[in-house]
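What follows are several structures.
Both complexes below contain chain A, partnered by chain B and then by chain C.
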Partner chain A sequence: MDLAAVLTLDVLSGIATLVLLSLGLAVIFGMMRIINLAHGEFVMLGAYATVLSANAGINIWIAMLVIAPLTVGAIGIVIERCLIRFLYGRLVDTMLATWGLSLFITGAVTTAFGNTIQGVPTPLGGFEIGDYRSSYYTLFLVVLSATLLGLVFIFLRRTRFGLVSRATMQNPGMTAALGVNPNRVYMQTFGIGAALTGLAGGVLAPVSGVGPEMGAAFVAKAFITVVGGGSAILAGTASSSSVFGFINQTGSYFTTPVFGEVIVFLSAIVLIRLLPQGISARFFKGSL
Partner chain B sequence: MLEVSGLHVAYGRIPILTGIDFQLAEGEFLGILGHNGMGKTTLMRALTGSLPLLAGKVILAGADISKAAVYRRARLGLGLVPQGRDIFPDLTVMANLRMGLAAAAREDAAVVDEVLEEFPRLHRLLDRKGGALSGGEQQLLALARCLCSRPRLILLDEPTEGIQPSIIEEIIETLLRIKARGGLSMILVEQNLEFITALSDRILTIQKGRITGELDPKSADFASAIAAYAGMDSHAAEQA
Partner chain C sequence: MTFSRRTFLKTTLSGTGLALAAPALFTRSAFGADDPIVIGGLHDQSGPIAATGTPMVDSLTLAIDQANAAGGLLGRPLRLVHYDTQSNIQLYSQFARQLALKDRVSVVFGGVTSASREAIRPTFNRYKVPYFYSTFYEGGVCDRNSFSLGTTPAQTVEKLVPFAMNKWGKKAYIIAADYNYGQITAKWMRKYVQDNGGETLAVDFFPLDVTNFGPTISKIQAAKPDIILSALVGGNHTSFYRQWTAAGMKTQIPIASTTFGIVNEQATLDDAESTGVVASYGYFEELDSPANNAFLSKLKEAFPDVPYVSEPGAVSYESFMLWAEAVKAVGSLDREKIIAALEEGLSVDGPTGKVIVDRATHHVTRNAYIAEVEDRKWAVRERYEQQKPLDTAGVCDLVKNPSENKQYVIDI
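And then the complex of A and B:
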């Protein structure tokens, strides 16, 4: 019974991690159709923003939940203005440009902070389930990911900006003919996607080593989650995170963490072969 | 309301509009009649700003908008109901209508309610996705969405294309009611003679990128003038 509870918590934690990692990419890739190969580096920048702020004496919660998303959101807006906006609709060019950007960010962070792994202590304590131990921070990540899904849903579905943003991604020319500046909407939407990714980096910093190369570990998982989820950015992200998070954690438990990841990538290949349009196209058609 | 002078537009090196001049008065409904490929839609795109001008001026209510971006022209009161309708397919009918209010300082639900009174057919479709509507329903929605933006001038591009006759009648009746209330001007590009005649105060004919004539739908010799333009006998033109 205790083992089942711990395993359930691990699975929920794995799902939450994937939701956090993928939500920003779901906005940037799923909604805006930009293949951002620097996504992992956005996560890394969020983690560094947290580590540097915490080391400078700023409260860890403010560092994770405020400074990390604001910093990466602002960096995202600068990148969109200086690079991405010239490449809308040019898929291959965008991939090359963001790949170059990821190398640049990794190099710049290595030069500035060195190629060493840094970290921040995990806030909150632990608790016991029978003979096993778990941490309250794991529970926090689960609650945060569910809350973020809810907030992004409300933002896209209920707010005026969410409506304008969804319309602009569908038909920027018609949106302009209705008096909206589509360039501004693209910039703001990219910034929101980057901020969500920075938030993911911020809250994952206490549970993962923070170094210049850490983004590489996240980018593939985020992409398979978003592609596996399909066109419905929230229903898709939530469902594919659940599938891959469950497979990863149970696979890791019954074998090894490395083999658990191998099983995830294999199952992603099978999923995309069976559902080429993603889970949401089959089960959540028309959802957000 | 609108002054267009010396308008030249090209696609690459191919000239499409070669010196368009016309004026539109406040509250006037102006028809533009032309065969396929004569530059009607290019003229609309030039007026909305989605195509740059090689030369010429567009003055809207005293403001030179010749170089203004599409969204700035819309904010100055230029509304568009485009050919093909350009409904947002994944948004509901209500969300499409709310997009008409996107440029307003605040979203006023009363505006949508007021516009919906003119379009009873849309009432029962409010929760349906725009892409799931028929062509005629989409045309009504495109017109209603444009009206939600409170335009001073509407550019209506081939609204009857592929639309069933009953909805064409409905669009004519709705536009006549709106016209009777005053305060709104319209440029109407069409090939459907019945539609353009029913709504226009005057009709300009366009051929090979130039305005070639002006017709008065209320004049006694309108049928023969149309016949001369279209190359058919005047009896057939009267029936059309």
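And then the complex of A and C:
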């Protein structure tokens, strides 16, 4: 029983991590069709923003939840203005450009902050379930990812900006004819995607080894989740995170961590073969 | 002047011949007694391995600068040709050939990971350039052209496992990185646990990009070991120590590691995450000996930004010392003579203590230390004098088989 509870928590935290990691990418790739290979580096920047500001004496929660997304969002807007805006509609070119960008960001961070692993201690303590122990921080990640999904849903569904941005992604020409400046909407949406990714980096910082190369570990998983999810960014991300998070965590527990990683990629191949348009194209048609 | 076909052929042919011969002629004429001795270096100064590679380069540079200040070797100055291999194995192969063929180096110091060593070691063997490897590793290299100066499991793991078991208990849970170093080290851990009357509950391997250790932590809790033996490697794996502490396990089950500290974890992790972790190496910066204090003060004077110097950094310095001693002893750069001199059991007193070349394995007999993290620093707990590389000695005998050139996977 205790074990079942702990395992459930492991699975939930695996799902939450995937949701956090891929939500920003879902906005940038799913909505805007930009293959952002610098996604992992956005996560890394968020983590650095948290670590540096927390070590400078700022409250860890403010560092994670406010400074990290704002910093990376701002960096995202600069990048959009300088690089991405010339590449809309050129899928392959965005790939090359953002890959170069990822190398540049890694190099810049290495130069500025050195190559050593940094970090902040994990806030909140641990608790016991029978013989087992887990951390409250894991619970926090689960709650945060659920909240974030809810907030993005409300934002896209219920606000004017959400409506305009969805319209712009569907038909920029028509929205422009209706008096909206699509360039501006693109910039803001990219900034929001970057901010979400920065937030993910921020909250993952206390449970990761923060170094300039850390992004590489996240980028593949985030892409698999978003592609597996399909076109509905929220329903898709949530459902594919659940599938892959469940497979990864239970696989790692019942077999070995090596197999737990392998099985995720195998199941992704099977999933894409069976549902080439992603989970949401089949089961959540027309949802967000 | 008539220009017949015959004269045309004659002039072009001789011209081409001269042009082809020119590089050889010019290099020949460039050989001279006062020219610098060229020393090759291959270390990662960027990318994920740079945290380990940078102190190695700094130590090597310091050693060469000191030798130059003392008048060079054989009356000739020394020049270091160093390439940053950027944590990329392909660059190792490329730069190794470049060092051997283009730069014509007399000796090479380098390689950080085992994978990088195996990429370049055969090249230097083929082109007959003596090669020194200074990182601690899983043991087993058997190559007359190479000298491996770092510690191997028989020198460190053999001490660490009983130390941890005596302190905390007999049941061990092994977690290791999923590549040759982790796999082989885990085998050694298992062997030493058994030899000391303990029990290995489970062995788990982790690909280097695993960042979520939740399921493993639950698994360890279900197994209820007395100690964790860790050979986790790299930045992503430091998340284990974080998540372990966050789950409140740090105070429950202690950790002994063969890798903790190699990217400076004791200082970069939080107090609560690192205190009490035990590790064994051939060197700690905290060693208090005149030789080490002198080495550190010179190094920090020359390179104020040098990161924490762990075993590979100090051993790089000793590698150069040994080679320089051999060159002085034979008075020439001849490879055979230098190898023979080193095989005589040449020794130096370096920052780690006394280091003696082992003839049969081309490894070294050196001191091993056990230390515990205390207040984000290592506190040296035990010192084991003059440990022999017994693991490699079990499989490799270069006295009997001098032409061997391979890395044994030691069967345990």
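Just so it is clear, the second predicted complex is superposed on the first by the 288 of 288 C-alpha atoms of A that agree within 3 Å, B and C clash if a C-alpha of one lies under 4 Å from a C-alpha of the other, contacts with A are read in each partner's own complex, and residues count from 1 in each chain.
Following the convention adopted for this analysis, a residue touches a chain if its C-beta (ideal position, glycine included) is under 8 Å from a C-beta of that chain, and two chains touch if they have at least 3 such contacts.
These figures come from a predicted structure and were not determined experimentally.
In the superposition on chain A, contact of A:V180 is made with chain B only, not with chain C. When the two structures are aligned on the shared chain, A:A68 is found in touch with neither chain B nor chain C.
In the superposition on chain A, contact of A:L45 is made with neither chain B nor chain C. By the touch criterion defined above, A:I224 lies against neither chain B nor chain C after alignment on the C-alpha atoms of chain A. Applying the stated contact rule after C-alpha superposition, one finds that A:I117 touches chain C and leaves chain B untouched. Of the two partner chains, neither chain B nor chain C is touched by A:L149. Looking at the superposed arrangement, the partner reaching more residues of chain A, out of chain B and chain C, is C.
In the superposition on chain A, A:V164 makes contact with chain B only, not with chain C. On chain A, the positions that touch chain C within their shared complex are 3, 6-7, 9-10, 13-14, 17, 107, 110, 114-122, 124-128, 131-135, 137-138, 204, 206-211, 213-214, 216-218, 248-250, 252-253, 256-258, 260-261. Interface residues of chain A facing chain B in the complex, by the touch rule stated above, are 160, 163-164, 166-167, 170-171, 173-182, 286. By the touch criterion stated above, chain C contacts chain A in their complex at residues 46-48, 50-51, 54, 178, 204-207, 209-212, 214-219, 221-222, 224, 234-239, 242-243, 245-249, 252, 263-265, 268-273, 307.
Listed in rising order, the residues of chain B touching chain A in the complex are 48, 50, 69-71, 74-75, 79-80, 82, 86, 88-91, 95, 98-100, 102-103, 107, 129, 145, 149.
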